[in-house]
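Letters A, B, C, D and E mark the chains as written, and numbering starts fresh at 1 in each.
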C-alpha cells in the first residue's frame, strides 16, 4: 500500500465533509494510505496574505514543517485554496532560503523546514500518481449517460509557475478522470473562471454574478451536473445557486459534485455513504441519467465516390 | 637609413594660435632620420601639397609625416600627394596635432606645443617602420546567387540580370512567387497581387541572364567575396522538366489527395501537383511523401497518362555547383502558430482562422471562390472579429517585436470583407494602429469611415462558444469597459517570424543572426543590406519583418550593391590587412578562433624546403580579412602582422615619446 | 602509488605488438632517490622504467621536440600532465592517433624532500583526463582552492608585493629553462627572442627579466596546467607558479571558466568571450 | 608652494622614488579607430579642454592591443596607459572588444599582483559620439596617475646604466 | 485633474516595484487584464488603470482605490499578461502599503471585505482553524447586517453543511505565538 501525507484543511470538518469522506474512501480503494499531518493548522487562506506577508508564509510553513515529520515524499491536499497557499509558500521558501530561515527560526518552534516534501492537489495526485488506468480498473458501475461540466476554478491550475500542472486556460485532467468513469465531459469554456471565492460572505452580490455566468455556461454546454475539486467552489456554486437563479432569472438546477463523490459512485460504493444529502441542489435528477445512453447520431454511409466529391468541393 | 620629411600645418590659425609651429619644426629637425622639416599655412591646399611633392623628390624621402588635422580628415588627400610624387602612398603618417593638441589645450600653449612635438616624433618613429603597401585586387566571378524566389528574390534577380550580370535563382518550393503569390489584394492601393507579380515571375523564367533552379536548396558556400563556390541540391521532382509540357493530365488523374499548402490546407491538391495555376515554372512535381508509387510501389497512373513520358520514378536528388561572386539572401518569413493562445480556444474552435487563411478565402482564385466562410458549417459570416498582435508584442506567448505588417493587412481585410460580403461588419481589436507609410493612414481612415469597421482598443482576453457563435471578450480601453462581441468568425493576425531554418542557413553562409533568427545586417542604419560577410546581402523578411514596398526597395538596393561589386574585373581592397609569417607560425590556430570574419584558414606546408614532412600553418584570406588585428594580438609567436599597424610601428610610437 | 610493474608490462607489450616507436617515462637518476624523464627506444630498455610518487616531471614536454616527431609515442600522464596534453591536442601540436597514453589516477607526487607537492595538495583533477588505459583508482573531482601562496601575497600591500617580486625578477638569469621545460611553450621562435621585442630588452637584466616573465605568464594565462615543470627546471629556484596561479584565479573568478585543458577542444579563456564578462572595471 | 607639493610626490609602488620638481606624468592612449579615435576627434572639434599629458596612438580595434604593448609602454616611456574602444556590442569588427575585455582585466590584475597600482592601466568604452566623455576619461586618468606618482617599472635606463 | 511634474521622484512606483517584485513600467496598457478580471466591473480603477496611476505616481488615488480589496488573487490576469507582470502581487503590495500607512477606504463593500479577513484571522488565532458558522455570524454582527443570508442558514445547518462546533488545534499556544511574532517580523522588515 502506497503511503501519502494528507492535509485535510479546515473545511473538511465543515462545508466539505462529503469531499473529505469520499477522498478517504476512494483512496482506500485505490490502495493509497492517507497519513494526516499531526495537529495541522489553518493555512491562512486569502485572509492572511491579504493582511500580512509574514503570517501568510508562517501559517503554511508550520504545516510544511509538521508534514516533514512523516516519512513520505508527497503530500496531497483536497482543498484548492490550502493547496495554493502551501505550494506558494514552499516555492517562495525554496527560492529564498534566507527568508525561510528567518521565518522558521523566529516564528516556528516545531522544527526546521527542509523542503523535501512535494505538494500536490488531490486532483493532481489522482491524475498523475494514481493514473487513469488504475481508476478505470476500479470502475464497476459506469457513469455512462451522464454529461458533466468539469469546473476547476482558479487555484488548481493557476498561476502556472506555482501549480506546474495542466493548462491554466483549458485544463483537461478532471475531464479525463470523469471520462475514465464512463461519463461524458462537456465542452465547457468557463472551467477556470473565478467563482468569487471568499466574497461569498463579504460581498455575496459578486459571487452571485460570477456563479450565475458559470452555471449558465455549464447549462449551455449540455451538462447534467458540474464536477469540482474545491470546497469553496462547491459551496459557492451549490449553496448560492438558488440565489444565482434569482439573480439571473434563469433556472439552472445543476447539482455540484466533488469528483471523488463520482469516483466513489462509479467504484460501486454504497450511495448512502456518499453524502449526496448534503447537496443543496438535489442530485437525483442528474443521477437518473446514468445508463440512459443517447443513440449516436448515425453517420450516413456515403459511397466512396461521394466522399471524394465532397473533398473536391471543399 | 630612413629619410623622413616633416610638414607642419598652421591650419590657418587653428593650429598656429595654440601651438608654436616653428618650435615644432626646430625640435623635429633634431631627429637624425628627419632630413627635411617645414611648416605652411594650409598643407592641404595645392601649394601645400606641392611643397610635399617637391621635398619628396628633392630630399629623396623614404617616408612623409604631415602634422595637421585628424587622419580621418585628410589622410586620403595626402596619400594622393605622395602617389603623385611617385612615392608609395602608405609611407605617409599623420600626426594629429589639431584635434589632439591645439583644439583641446587652448589655455596652455607650452604644453600644447610639447605635446605636438611628441605627436610628431611618434609619427616619425612609426613612419620609419612603414612599409610599401599595394592595394589588393581580388578577381571577381561575375555571377550572383539569389536564394529565395519570393518577391524579394525575384526583384533582386531581375535587377541584377537587367544589368547583364548572370544570376542563379534558387527556390525551395516547386514554383517561385513566395508569400506574395498567396495574397489577394495588396495594401494600400488594393491592386491585385497576382496581376503585379505574375508578369515578373514570367520575366524571371524567360530572362536570358537568369538561371532558375526551382525545388532546390543551397547546401554549402565556400570561398570569399567575388570567389564563392555554391553547392546546390536539386531535389528529385520525378518529372523531367525538359520534356514536360505542363499539360496537367498527370495531376488530373492522380488519385492521392493531400492538404494544399498554397491554400493553407483549406482544400486538397494531388500527390503530383503544380502549386498554383500561375506557377513558374508551370511544371508539376511529385510529392514523394504521399505518392503511392514512391511509398508503396503501386499506382503509376501519372506515368501512364503522360504522353511525353516525362515521369521518372527513379529520379534522384542531384547536386550541382556554381561559381559565383555575390549572394543575395531573400528567404522570406513564416507565420507564427497561434496554438499557445489557449484562452482563445485556438485548435478547439474551428471558426478561428489566421489572416493568411482568410486571405486565401477572399482571394478570387482561392478555395472558396473569393467568399469567406465559417469552416465549421460553411456559412458566410456576418460579424467578423479581427484580433491583431497575435504573437507579436507578446513576450509571454510569442515574440517581443512588432511584426510591422499586421496593422495594414488587417485594415485591408476589413475592406475586403466589406467588398465581398454585403451587410457584414468588422470588429478590430488592436493595441496601437501603426500606419507609418505612404498612403497608409489614409487607408486606415478608409476602413474606419467608408467600411465602418469598429475599432476597439484592447487585447482580447477570452473567446468562448455560445451556441454556434463565438463570444469575443476584451476591454475597450477608450471607454474603460469590458466588451463582448458576438462573432461568426474570428481572424487572428499572426506574427511574422523568421523561417525555422534561417539560423542554419545563416551558419552555412557564415552570416550572423539575431536572437529571433533574423539574419543581421552589417550596420543597422548605414549598411542595412550588407552583412558582416563581404559579398553577402540581405533582402526582405530574411532580415526583419517588412511590407512589399520595403522589400522591393531592399531587393533593388541589393542589386545595386551586387552591380557595384561587379563593376570591375577585379575588386580593389585596402591593403591594411593581416599576413602570416610561415617561419614563425606554430599552427596553434588560436587566430582562427578569434577572427570575426572566418578569414583565417589553415594550410599544410613542408617542414623545410624540399621536405616531405608537412606542418600546419595559418593562412589569411586576403579577400575576407578586414584588418581588425584580433589575430595579431592573440598570436603568441608574433607570426601574424597587420600591415599599417604592425608591432614595430606601434612599439616605435610607444618608445619614441 | 607505485605502478612500475604495470607500466613495464604495458610498455613491453606495446613494443612487442609494434604499437609504439618510443616510450616516454621515468627512470632513477642512478645517484640518488630521485627520478628523471627517459625516452626509451626499444623493449630492451623497459626495465629502466619506474613510476611512483617521485615521478614528478610532465612528460608532454617530449612531444614538442624533434625526437618524437612523426613517431608513435607512448607516454605516462598524471592528471595535470593530461590537461596539458589536452591543450596540445586542441592546439594541433600532436595527433591523438600517434599517441598511446597510459593515464594515472594520481595520488599526488612528492618533492625532493619527500613532502607532497603543493600543487598536488590543491589539485582539482588528479586523474588523467585523456588516456588509452588508466592505472589506479579514480578520485572524485576536487574543489577549486585558491593557492595558499597567492592568498598570502594578495593580502599584502602593493609596496610589499613590489619588493617581493623585484627580488624575483632580479634573481632571474634569463636562462629560459622555464620556457624550455614548459610543455605549452612550443613556438617555433619565441616572441621574446624576436627582433621587435629584443630591441629594448635584449640584455640580461632585471628589466628584461620582468618583460620576459610577464609576457610568458600572459601567454600562459588560461592555459597553464600547474604541472610546475618550470619551477623544477629553474636554476634560481624562483616561485614561478605564483604568476600562473594568480592568472588562473583571476580567470576562474571573473569569467566562470573551468580550468585549462579539462575539456578537449577548449583553448582557454583568451580565445572566447561571454557577454556577461565583468565590465565594471572599464570606464 | 606648488613646487614643494610636487616635490613630495613619491611613487606609490616604490616610496623611495621621488618625483622631480614640476613632474608631469606621461600617459599613452591607445584608441580604436572607429569609436574612440573618432570620439577624441569630436572632443577636439567641440573644443573641450583636457589635460595635455596624453599621447594618442591609433589602432584599428581594441582587440589589436596586445597586453604586451601595455607592459612595454610602462617599461619605457609611460607612467600610465589608457586603452579605449567601442562599447560592447558596437564593435566595428563585431566581437573584437569582447576578446580585448578579457585580456585587459587579466593584465590589470597581473600588474597589481606584481606590485603596480591597478590604475596604471585603465580602460574605457568611448563611442564616436562621446566627445565630452573622452575629455572626462582623460582628466580622470591623468588625475589618477598624478596621484600615483612617477612610475619606475623596471625601466631600461634604471638598470642598463 | 492631475498635475504632473511636481514630484521629484515617483516613490510610489519604486515602492510598489520593490515589494511586488514586478516592474510596473512594463505595462503597455493593452487591457487584457481588465477583460480577464472577474471583478473588474466592481473596481473603481481596474488593473490597467491602477498600473497607469502608479506610473503617474498618484499615491492617494491608488491607496484609496477599492480595486486592491476586490482583487481575488485568482491570477487569471497575470497568466494572460503579455508582459508577464505579476498583477496580483502588485495589488497585494499596494494593499499592504495602504494598511501600513493608514489609508482606509471606508466604503461599505471594502469595509465588509476587510472585516471578513480580520474575523477570519481572529478565528485562526482562537482555534487554529476556521469555523464557518461563527465566521458568518460574526461577520453579520460586525457589518451590522444581521439578517444577511438568514435564508441560507437553516438550510445549511440542516444539511450539516456548517458544523456547530470546531475541533481546535491542540497546540493553540504555538499558533498564537506565531501571530505575535509574525507581527514583530513584519515591523522589522519595514
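Assume a contact is a pair of C-beta atoms (placed from the backbone, for glycine too) under 8 Å apart; a residue touches a chain by one contact, two chains touch by 3 or more.
Keep in mind that what you see is a predicted model, and the values were worked out from it rather than measured.
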Count how many hops through touching chains it takes, at the least, to reach chain C starting from chain A. 2
Mutual neighbours - chains that touch chain A and chain E alike: B
For chain A and chain D, chains touching each: B
Greatest centre-to-centre gap (Cα means) from chain E is with chain C
Leading the contact tally is the pair A-E
Whose Cα centre is nearest the centre of all Cα atoms in view? B
Rounded to the nearest Å, the gap between Cα centres of chain B and chain E is 53
Taking the mean of the C-alpha atoms as each chain's centre, how many Å separate chain B from chain C? 47
Distance-wise, how many Å sit between the C-alpha centres of chain D and chain E, to the nearest whole number? 58
Residues of chain B that touch two or more other chains: which are they? 343, 462, 594, 634, 647, 651, 655
Touching two or more other chains - residues of chain D: 72, 76, 95, 99, 103
Residues of chain A touching at least two other chains: 168-169
If you go through all the chains, which pairs of them touch? A-B, A-E, B-C, B-D, B-E, C-D
Contact residues on chain D for chain B in the complex? 26, 28, 33, 37-38, 40-41, 43-45, 47-50, 52, 55-61, 63-66, 69, 72-73, 76-78, 92-96, 99-100, 103, 135
Listed in rising order, chain C residues that touch chain D in their complex are 153-154, 158-166, 169, 191, 197, 200-201, 203, 205-207, 209-211, 214-215, 217-218, 221-222, 242-243, 246-247, 250-251, 254-255, 269-271, 273-275, 277-279, 281-283
Sort out for me which residues of chain B touch chain C in the complex. 583-590, 593-594, 613, 616, 634, 636-639, 647-648, 651, 655
In the complex with chain C, residue positions of chain D that touch it: 12-15, 67-68, 71-72, 75-76, 88, 95, 98-99, 101-110, 112-117, 122-125, 137, 140, 153-156, 158-160
Where on chain B is chain E touching in the complex? 343, 389, 393-397, 431, 457-462, 473-477, 480, 482-483
